[in-house]
Amino acid sequence: MRAPINLAAAPGSREAWDRGFLWVLAWALVEPLLVRNALQLSSRARVGVLRMFGANIGEGVIARPGLRVRFPWKLEVGDRSWLGEDVWLHNQDRLVIGSDVVISQGSFITTGTHAFRTDMALRTRPIHIHDGVWITSRAVILGGLTIGQNALVLPNTVVRRDVPANAIFGAQDGAVVGQRFPDSSDETQDR
Amino acid sequence: MRAPINLAAAPGSREAWDRGFLWVLAWALVEPLLVRNALQLSSRARVGVLRMFGANIGEGVIARPGLRVRFPWKLEVGDRSWLGEDVWLHNQDRLVIGSDVVISQGSFITTGTHAFRTDMALRTRPIHIHDGVWITSRAVILGGLTIGQNALVLPNTVVRRDVPANAIFGAQDGAVVGQRFPDSSDETQDR
Amino acid sequence: MRAPINLAAAPGSREAWDRGFLWVLAWALVEPLLVRNALQLSSRARVGVLRMFGANIGEGVIARPGLRVRFPWKLEVGDRSWLGEDVWLHNQDRLVIGSDVVISQGSFITTGTHAFRTDMALRTRPIHIHDGVWITSRAVILGGLTIGQNALVLPNTVVRRDVPANAIFGAQDGAVVGQRFPDSSDETQDR
């Protein structure tokens, strides 16, 4: 059995910051207080704070409570897009979201992975979500991918490859896999 | 390529409120403080607050910290049911939960969708969860569906169709899809 | 139709505590304030609090904000492991995590289930996660399982059986399942 990769020697994630320590520390405190905070109800204030920390956000964007953004200075959003409750933009790399895009409750968009066969170094790749896309609730979008114009990602789907424009993309549907009380149908026959 | 749907013209969600602005605003503040709040440990207080805002909840219901409810005035729960930690009832429409129902950690029940081929208008449909159902952790239940008596929904399953009574409903199991270190088995043979 | 199981008579979960009421109550308050809290940025303090409540944690472990631990007195972690943001260790039973293990954002590890065909009693079974494992984001690991050395669990995967050492374990990939605007290709041909 191969020995595990020593995580103490894994190349750190600090080079992904692209900002100084105090700036990143300030963001680590401001984000939970003014962006993620469920009691902060103002979308306008949320967008304003993101812009102050470097996000390039268009007009008419609606950002709901619970939104999380890793590095606003690597975030670009077009016009009129909606960022829903508990959407988690874990953008250690550049994340470009177009106009008229909807990202629904609890979806997780992450640009990062680790070099899992060598040294577990952080690897990041940008993500492009084109105009008119709807990423529904609890989807996961991985680094390096492009979601084409008007595409729709179904709930709880992991996206591991590019999604073509206009496509509806989802995982296999659930199904009945068994019976809870095997004797139940008998009982209904009153035997 | 078809132009994206203009979200600024999408019919708003306010008609789903069925209550005035100040009532909905009050709920938006009370819910994080007294229902969702992890430090609010009292199930009795949680149920009491939900009832004050219009929920119809039976006797002996246990509601855990982290519970989220969109509109308590559209929520009905029978007797002795358990609403677990971080359960998210996003009920913009009527949600009827029976008696002796368990909903486990992090499940998301949402009555809403959008008219994704026309104008992205909010569309809501009620959900009925019958007596004795167990929705396990991190499941997603979509609008318009009925979960039949005593049914069981497995973890992380998206439910997109009605579930019959007594059924165990789940998605396909995971499986081994590759090897992390391709040379690893060689090493264990000490070649 | 069989009558639902009466939840008021379901054997309670208190026997899983293995500690007195005041100890568990103290933990229920300390955990959200000093471990889960997004504004508590210190990994060292997080690990220190877990140890104070009985966790056996090695050297060089990094524990991120949002981490949740049910019972630290049933948690064992080796050296240099990383516990990511919003990782939820719902360990009502013993959870053993080895060295150089990564558990990424939002994964949920739960030792518990219910006797769903008899009385819905809480049933817990320990979980063993061996050295060098990477559980990526939003996975779910169920009670009684062993994740073998160096195994890798893909995002959003539910693990319902033991995972062999060195395996990459995942669910079926998503796919294009339809077209959003059926007439879209026509339009691009300008007919």
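A, B and C label the chains in the order they appear, each numbered from 1.
The criterion applied here is as follows: a residue touches a chain if its C-beta (ideal position, glycine included) is under 8 Å from a C-beta of that chain, and two chains touch if they have at least 3 such contacts.
Source: prediction; values computed, not measured.
Contacts between chains leave no pair untouched here, as each chain touches all the others. A rotation of 120 degrees, rounded to the nearest 5, superposes the Cα atoms of subunit A on subunit B. For the touching copies subunit B and subunit C, the fraction of interface residue numbers used by both falls below half; the interface is of the different-residue type. The centroid of the Cα atoms in subunit B and the matching centroid in subunit C are 19 Å apart.
Residue numbers of subunit A whose C-beta contacts span two or more other chains: 1-2, 116, 150, 152, 154, 156, 165-166, 171-172, 180-181, 184.
Residues 1-8, 25, 28-29, 31-33, 36, 88, 90, 108, 110, 114, 116, 120, 140, 142, 150-152, 154, 156-161, 163-172, 180-181, 183-184, 187-188 of subunit A touch subunit C in their complex. Across the interface of their complex, subunit B is touched by residues 1-2, 38-39, 41, 60, 80-82, 98-100, 102, 105-106, 116-117, 131-132, 134, 137-138, 149-150, 152, 154-156, 165-166, 171-181, 184-185 of subunit A.
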